[in-house]
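Next come two complexes built around chain A: one with chain B, the other with chain C.
Up next is the complex of A and B:
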């Protein structure tokens, strides 16, 4: 039982990092990405490969995965962020589809549909993180660090510039800001933090395969933010908690037939999203924002 | 003070398909002077602002700022060269507070830090607070821009310009919708800046406001500058009045 809960909390921590990193660009910059699962996957494969062939240290695997994700983000950022509007969404969706195909078909590197198995146990300062307790502490620390860094960033001039661009890009440029560079840096930072989550996931599950990095996963991450509250520090973590605890909670409703749980879960997600958008558009801990929601 | 124009437009043309938005426009903005652009809707006033700031590119013609061409300059570079503008629809950073709106326009570096370190950061914050006080928004300092009343939003729009070091201000209908007391405060604020070497060009539909605030008027219709000169002469011209109030030439 304790192992089940720890496992759940590790997944919540990893999802919390994913949601927090995506919230950095959605909530503070107004950049909607459908490729977060792709970056999550790239980081997981990178982490797994480095662990299997180079080093199992998190101090090696995480920085490498972060750098790979940030560099890859430039592939879509540089062309698509030059223009305003929904181009980034479309470009990111394209990248997500390409990434899934690469994960599935580049068998020599990714292992294809079967994935990479036998990812070794992670180490930190020479200690093997073999127990769930130790790994949970590391995952939780990573989540805390990511939240702290993003909280700090959004309260700096860079964060204000992001919010200014989100609110009105033309005005921001008219006052001398460089939206293209600022948005590109923001996406690179976001995907780099996504890299942290990918490495932790690869070590925790100890194998990676493409099914964990589909477009559904991207929507899943986005729904955590929407449920919790975009543009808030703790909203994405609350969203991650709810998304993971809901299926766990349903299993305690013994009167529900086990084979219907998955369908019921989907219905509850869908209904929750619709009701949230109607009655609580800023998310559960988002700022009450009736005026601008109904005025436009 | 030199009489050399701060900004000069020479034979500037801009068409949108069959619509002529700027037709061989020649216009000078003398230093330290408030020039009002006046004309009926669709005369091309805001288009001129967009051409000056680089939001639009002219089809032909030359635009110079203190003798240096602005052609090929985008909105960001125009700001860096000392041009600040407000928008008819204000375009505030709505979800940000009044303080953040004012502070943010001074933070132009794209990097996660600004040059000058802590001392410069402290100076910017103090300047933002002083500017907010100047426009009378101290009580709304921590309110979001979207939660302000219309007059307060107008003054916030002005504060964003006041706090910059820009020497040429382009104000698009800055006083429309203001009550008389707010309007008087606005005029005092704007006229008070002229002594600091600021040059102002504004678009305004309310002729009383134009008369009260401007030193010169340029009258536009269908993209053409029909007349430019002293407010009294322009506003008393019956032919221009007929155009302005809807009787075509």
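Up next is the complex of A and C:
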């Protein structure tokens, strides 16, 4: 039972990192990415490969995965951020689809549908993080660091420029800000933090396969921040908590047919997304001024 | 010979993609709603057709008509009860997109509960192939799908050029304020756009259910292809979207010549990237830059 709870808490921490990093671009920069699961996957594969062939130290795997993700993000941000906002959504969707194909077809590197198995235990400063307790502490620390860094970033001049661009790109450009450069950097930062989550995930479940990095996963991450509240610090974490506790809670409702549980869960997410968008687009702890959050 | 066969297959696939893409383009072009649930309409039509024709043994033409009708109703109901309330509060592009995605998730999983997650298809004698000379084969249904696509494009062009609703829809895509100024109701017009767009995706769903089969998650791919084709063709251009669909179908089929089939799915998106990189306004589009 304790193992079950720790396991759940580790997954919540990892999802919290994913949601917080995505919130950085959606909530503060107004850039909507549908490729977060692709970056999560790239980081998980990178982390697994580095761990299997080079070093199992988190201090090696995490920076490499972050760098790979940030570099890859340029592939979509450079072409699409030049154009209108909706092109980024489309380009990121395209990247998500291509990434899934690469994960499942580039068999020499990714192991195809079967994925990579036998990711070794992570180490940190020479300690093996073999127990769930130690791994949870590391995951929680990572989450805290990511939240702290993003919170700090948002309150620097860079963060203020981002919000200015989100609210009015032309006005920001008039004040001498370069929207394309600032947005590109923001996307690179966001995907780099997504890389942290990917590495933790690969070590935690000790295998990676394409199934974990589908479009659905991207939506899953997005629904966390939408339910919790975009542009807030704790909204994404609350969302991650709710989305992970919901399936655990559903299993207690014994009258539901077990076969359909996964589908029912998805239906609840989907319906929650629709209803929130209609009645409460700022999320559970979203900012009071709804228009301001979403207006572009 | 293989190449020629792939070309013929690509034309059939392209005809289906063109129908999906034009349906999406009619909706997106005139209402600016990023209708992700367009793929959901496809899944819904396909499964209803399967359910009636295969399980209830309804005559196929009646099943097809009822399924297409259900698709139209679905599109109009979504516009009326989901998109409109959001747009009333000046909802952004993304708010509508998320809601649309949510609808897709709900319907996809309802389909899983009722029909299971595995793939369904309808067997019909029409999928049998016939030799059109030189060892190139094509199914009757393949010929049908190309004829349907051509017929619907002609019909759509006539509709947009000659009827009041068509002219109003084109006006809506160019200047919604002016349409309001002329005393027309953009809300009402958007219902027409959703009806037409949903109707266009229906034949693609019906044919594909027989030819390739259907899974509850087929919708994602359908809408992604539609979006990609609309961008390749140029947003706001129906001809472009149709053409874009045809290009994607051909490319996906021809890719099999050099690549293994697993990779062919990514080809469409690689082409999309090239367009975003080199020509974001697409083949026939204007105004892509801010």
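Note that the second predicted complex is superposed on the first by the 289 of 296 C-alpha atoms of A that agree within 3 Å, B and C clash if a C-alpha of one lies under 4 Å from a C-alpha of the other, contacts with A are read in each partner's own complex, and residues count from 1 in each chain.
The rule is simple: contacts are C-beta pairs under 8 Å (C-beta built on N, C-alpha and C of every residue); 3 or more make two chains touch, one makes a residue touch a chain.
Predicted, not measured: the structure shown is a model, and the values here were computed from it.
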Query raised in the report: Does the superposition put A:157 against chain B (first), chain C (second), both, or neither?
Result: first
Query - Contacts of A:167 with chain B and chain C, given as first, second, both or neither - result: first
Query - Most chain A residues touched (candidates chain B, chain C) - result: C
Query raised in the report: After lining up the shared chain so the two structures overlap, which partner does A:117 touch, if you call chain B first and chain C second: first, second, both or neither?
Result: neither
Query raised in the report: Between chain B (first) and chain C (second), which does A:131 come into contact with in this model arrangement: first, second, both, or neither?
Result: neither
Query raised in the report: Looking at the overlay, does A:141 come into contact with chain B only (first), chain C only (second), both, or neither?
Result: neither
Query - Which superposed partner A:251 touches (first chain B, second chain C, both, neither) - result: neither
Requested in this report: Once the structures are superposed on A, label A:222 by its partner contacts, choosing first (chain B), second (chain C), both or neither.
Outcome: second
Report task. Examine A:176 and indicate which partner it touches, taking first as chain B and second as chain C; both and neither are also allowed. Result -> first
Requested in this report: For chain A, give the residues common to its interface with chain B and its interface with chain C.
Outcome: 291
Query - Residues of chain A touching chain B in the complex - result: 153, 156-158, 160-161, 163-164, 166-168, 170-178, 181-182, 185, 231, 291-292
Report summary line: Note: in the complex, chain C contacts chain A through residues 34, 82, 85-86, 89-99, 101-106, 108-110, 112-113, 220, 224, 227-228, 231, 260, 262-263, 265-266, 269-270, 272-273, 276-277, 280, 288-290
Query raised in the report: Considering the complex alone, what residue numbers of chain A touch chain C?
Result: 32, 79-80, 82-87, 89-91, 93-95, 97-98, 101-102, 104-105, 169, 215, 219, 222, 226, 260, 263-264, 266-267, 269-274, 277-278, 281, 290-291, 294-296
Query - Residue ranges of chain B touching chain A (in the complex, touch as defined) - result: 53, 55, 74-76, 78-80, 84-85, 87, 91-96, 100-101, 103-105, 107-114, 121, 146-147, 160, 164
